[in-house]
Amino acid sequence: MSRRIIILILLFTATLIASFTATIILNPATPSELKGLAKYYVLNTINETASPEAVTAIVWDYRGLDTIYETLVLYLAIVGGLAMFKMSEEALLKTRIGLTLLSKTSTKIVALLIASIAAAIVFHGHLSPGGGFPGGSAVAVASMIIIPVFAAGTLIEKGVSSTKLVAIRGAALTALGLVALLPVVKGLEIVTNQRFYPASILGLPISGSLSLYNLFESLAVASGFTAIALYLSIPEEAHKGGSGA
Amino acid sequence: MQEYVELVMLIGTPLYLTAVILYSYRLIRGPTIPDMVLAADALSYDLAVFLMALAVYYKTPFLTAPPLMLALWVYLLDVYVSKYLVTREVGV
Amino acid sequence: MMKYIVVGLIVFIVYVSFAGSTSPYTLATATIISGVLSALTAKYLVVDERKLMEPWRLLVLIYYFFKYMTIIEFKAHMDVVKRTFTMDIKPGIVKVPVNAKSRYARSLIMGSITNTPGTVVVDEKDDYFYVNWIYVSSPDPLEAKKAISEEFENFAVKIFD
Amino acid sequence: MIESILFWLGSALFIAGGVFDLIGAIGMVRFPNFYVRLHAATIGGIYGAVLPLMGISLMAIGIPELPGRFAIAGASFVTAIVLLVVAPVGSHILAYAAHKSKSVEWSPVVDKLLEDEEK
Amino acid sequence: MIEPQVIESFIGLAPFIPAFFGFATPVLYLAARNKLIVFSFLLSGLTLSTMISILVAIGTYATENPLVFKAGGWPAPIGIVYIVDRFSAVLGLVSSFTLLLIGLYSVSYIVDDAYPWYAILLLGNAAGILGVIYTGDLFNLFVMLEVTGVSSYALVMYYRHRADSIVSGLKYAFIGSLGTTLYLLAMGLLYSYYGTLNTIDFSYKLQYITSPAHAYAFGAIMILALWAFSIKSGVFPNHFWLPDAHPAAPTPISALLSGLVVKTGLVGLYKVLYISTWSISGGVYGSIRELTALAAIIMGALSAVFGALLMFIQRDVKRLIAYSTVMNLGYLFMGIGCLTRSGLEATLYYTIVHSLAKATLFMSAGVFIKAAGTRDLDKLAGLGSRYPVAGIALAVSTLTLAGAPPLPGFLAKLLLYEALFEKSPVIAITMIIASAIGLLSYMRLFYTILLGVPVVSWKQLDFKCAKIVLLLLSIVIIVVGIVFLFNPDFLSKIIGAASTQSTINIEKYAEYVKGTLRLP
Amino acid sequence: MLEAFTYILIIAVLGLNALVSIYGIVYGRSLVKKLISLTILSDTVLVAVIFAGFYYAYPIVPPVYQDLAGAGREFLVKHASDPLPQALVLTGIVIGLAVNALIAFGIIQAYRLAKTTDARKVVEVLSGVEVTE
Amino acid sequence: MITSILLLIIAPLLSIFFVYMAVTEKDLLKAAAYSAGQSIAYSILLQAMSTPDIVMTYIAVSVGLYSALLVFVISKTERFER
């Protein structure tokens, strides 16, 4: 019984007892209904944004500006990492160890399954929970599993490099920015959705710009995460030789 | 039909949640890294089932994606930790 | 060509069943996605296209799946459940020879062995699996094979070789 | 009629899965070392997760008034399939890594892999 | 002349255009792989956003009311709105202008091959700063703070082979993200208790939502926000990251950080203390607001004194300037804590002067550092006469910061002194003391570099862009100083009108914005 | 009573977790440990923000309509979880990820230069650096 | 009702253990595993509050990406905190 465990158990019991006594003494009224603002979103999301999903409607339409700058933050972090880690990915081509046979075969199948599931998440992002970020990160699982199982050199060999991935991310974000920027030509504000974009094409519900945002965001997220994983997988020996302190 | 679902959940919940606690015990105690990751694995597979059942219980089809994601991402944890243990360098 | 269709079909089924609806929107996007994904991944997934032409392999796979999930797994589970309470364990790593050649067949055997409680494949080296066994009844490779992997291998050879 | 059969079959699988899960968890706690715990984890992974997930998908189909029941059924079936593919890989590579890095102390009856490696 | 209503719908572009140019840069780089093309792209983005901010500034002075930009056409509190009053418009104008000049200076300063990433980070930083200044939504403020923050962390760590830049960047990142996390918690509390995120909507909710629990929540929100902003601004208990981080960055980035990025905390405090809590008059809320302002003043006073004292003992020239930033931010916090019209006026003018002068000082010092290859002040002695343009810029900016009469620093200090004296003579005297100690260090810098005897050999550098930038900035500083000092009418029209709008006429301001709200 | 207990318990636990993780950020020796604590702190704050919009309803469902015609509005208004904190937290998660990824890069680079991740030793390395440019 | 109340009680209590262990553990790889456990505990809580959008994103980031990132960092620096 080390000191850590004793402190842990003390903290645990103290929390429990404190909340028991607080409940008995205060017995607070627990919230039991939605806030006014939230009610507004839940009631009006279909009419105003053509999306039955209130969260996606807020994320990409009501408060779309937040989300665009949030993507900018992730983009800046990836670019900052790339600026910090500038070195050649050639080293990855030399040694390729990988993991066992079973993991390789399973990873192939799982990667396909993940890709199709992620596509479902992305393309139903405006109809059901999910959307650009969860879908894109699910695609990124596929590539991030491939990196340890088959070794990152396999990806490099197929022509995937982190600079290219960042460029793909930049291109996807440029497209996303264009989607946000296009309404300006008609004198509307940026990130305008329903006054500019159609709610459906050929009878298929696409909720205006929301599905476009989801598509580009998922591309951007997938390529960005893969880029992070790729330049983190360059072995340290490659670094020691070239550019030290 | 709802009362039957309530009944099934009433039987199922203690089983699954006890299992969650026992797995967590192993995750917290587990003397070695593989033990802990294995426990995290089992814990999240267990939770995947239970959270999926929650979708039936809450009567909504929109709670079904998270369990799948949980299972998948824990697989990622497995792969990364074991690759680290084998080669000390994840990407090669 | 066949491989693209098969992979596309798998993607289509997974997509539609995960989305859980058959609305025109789902079907339209599913078609596009299955086309794109099969074009991208089919060449890495399918090794021998001719085997896809033989549908009996699929039937055997389905039969195997049901037999595996019900009978084989049940026996193995009961065995380990018993050991959980009696703590009657004798763990060890044994060598099991394997004759299947193709990667998919071997992977199926490995997966099946690992998915049955009581046996976990630890490593694989030139025609031998090293299997962690909860109760080593005999360290001899051939006897171990009879107890562990004989049935899986028969099916795997039928399905993939 | 067929629906209530499906529902009860599904619930039976779900509860049986809970029992197996609990047993797996007990095994996880009781077994002495990692290589034995692997088998307890397998119980939790196959009969404790894959089977009840299929049970849930049957159960969901069996409730006619459940909104979006086919979505739940489809998603849980896909999850079951993914788990069936993923679960063995998890145990296998963890065992592989533990054996390679020799991070687990245990006293096996026989360890052919170690013998072959030392040869 | 463009109608203010038309300008309103374009305000959102001012931060968005740099972000968009940042998105497009990697594709351009892969296509061209040319430094000049990438940098001209960067400069065109910054120019566009400067033009928009000029338009916005003209627009705010053309009407009595603030401009309200509704992102996506959604009124607050449903969507995000930018509320641009004269205070933010002036700051936005100065910031985007300074950013443009910093971008131009970087063309000649950044020579290694990571330049496209540098350009992207600079553009992102520009987007963040303009967003912080213009936004009227407290959660959007958080996002914008993070945009500024992440790009600043990455830029501080830009010299990847130098331990000091990496380590101080890490320190900055840890402290900064801790601060923004706390701010996010404050936003959770705000939404939980008041059900809104918009500044003006919040101010109206404060009028009728009162209970003891709400008072506690309000206190927690104010404390967390003040703490987060003081971290962002590097004010006294949280100043320790600043003197490490600012010198470690490339010189244009030091100018950016010291001139503009630290002001984000100040602007946030302005939005919390002036715009979203103006409606409080007395009561528990009133005393909490007064206490927060008092805490800001005390933190500011301490940081002014500490900054001045520590500045005096530095040998590293960039560290010396960084400590001067700590000192000046202390003054600004004291000014903003006054909660009066004159306090805000002094703060606004001082902020403008400090942004321009600090950027100039860093960039002129950067020329000498690059020439001599060292940051040791004693070794830089006498270099001023070798680089006349940089020497002039250094002289102008040092004298400005020290508060020499014809230059704008004098008026800024005078205004601040008057405002603080109204509040309490003690604070005013603290400021004078700190100012006097600071003067010594500025004079040391001035004499050593401009009049000292050269001790090291130097390289002759080709710094065309830098020369243009420094000359331009010196002229701007001198013009600003002369215009405002000898034309009090102008001062009251620009700075005075801005501070009147946000303090005395705040009710009219808020009523106007309330007219654009749509309450659910 | 049970509801009130869970309400207080969750607040207490989130507060405790935040305090423990702040302890980790301040007193952790290794930079990696500080990073882990930072992720825990931001996670805790995000859950707290979600909890700010939480209310007790049985069952509580996601704020999503089943069909595009907008049926079931009354049910959703009584049973949907609050969408706005979800949107805010979605933003917060991504931002936290960005910052933590950047810090991770920084830690690796710092280790390459200083050969240690011990925070105090790293600062010592910093103080011994010759100031050149 | 009782199921969701149970989840709301058990998930935070589990998270205490994981958070404390993650912060005090000296072996950083173990700390990363504890932090994954903490994320799982939080995601139970989030799922019980019926926020699937967040759970998906949160799991992706916190269980998957953070763990991968930490393993990468540990593999490139050092495993034990001294």
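We just call them A, B, C, D, E, F and G in the order they show up, numbering each chain from 1.
We take it that contacts are C-beta pairs under 8 Å (C-beta built on N, C-alpha and C of every residue); 3 or more make two chains touch, one makes a residue touch a chain.
Since this is a predicted model, take the numbers as computed values, not measurements.
Steps from chain E to chain F, minimised over paths through touching chains, total 1. Common neighbours of chain A and chain G (chains touching each): B, F.
A centroid comparison over C-alpha atoms places E as the chain most distant from chain C. Ranking every chain by how far its Cα centroid lies from the centroid of chain B, the top place goes to E.
The chain pair C-D and the chain pair A-D differ in C-beta contact count, and the higher one is C-D. Taking each chain's centre as the mean of its C-alpha atoms, chain B lies 47 Å from chain E. Chain A and chain C, compared by their mean Cα positions, are separated by 32 Å. Put simply, the C-alpha centre of chain E and that of chain G have 37 angstrom between them.
Rounded to a whole number, the gap between the C-alpha centres of chain F and chain G is 10 angstrom. In chain A, the residues touching two or more other chains are 11, 15-16, 35, 37, 39, 41, 55, 62-63, 66, 70, 73, 76-77, 80-81, 84-85, 99-100, 102-103, 106, 109-110, 113, 117, 121, 128-130, 133-134, 138, 141, 144, 205, 228-229, 232-233, 236, 244-245.
Residues of chain C in contact with at least two other chains: 14, 18-20, 110-111, 114, 121, 123. For chain B, residues touching at least two other chains, in rising order: 20, 33, 37, 57-65, 68-69, 72-76, 79-83, 86, 89-90. On chain A, the positions that touch chain B within their shared complex are 92, 95-97, 99, 103, 110, 114, 117, 121, 128-130, 134, 138, 141, 144-145, 147-149, 151-153, 229-230, 232-236.
Per the touch definition, chain F reaches chain A in the complex via residues 1, 3-5, 7-9, 12-13, 16, 20, 53-57, 62-68, 70, 73, 76-78, 80, 82-84, 86-88, 90-91, 94-95, 97-99, 101-102, 104-106, 108-109, 112-113.
Of all residues in chain G, those touching chain B in their complex are 2-3, 6-7, 10, 14, 17-18, 21, 27, 29-30, 33-34, 36-37, 40-41, 43-44, 47-48, 50, 52, 55-56, 59-60, 63-64, 67-68, 71-72, 74-75.
Put simply, chain C touches chain A in their complex at residues 7, 10-11, 14-15, 18-19, 24-26, 28-29, 33-34, 37, 41, 44-45, 103-104, 106-107, 110-111, 114, 121, 123-124. Residues of chain B touching chain A in their complex: 61-62, 65, 68-69, 72-73, 75-76, 79-80, 82-83, 86-87, 89-92.
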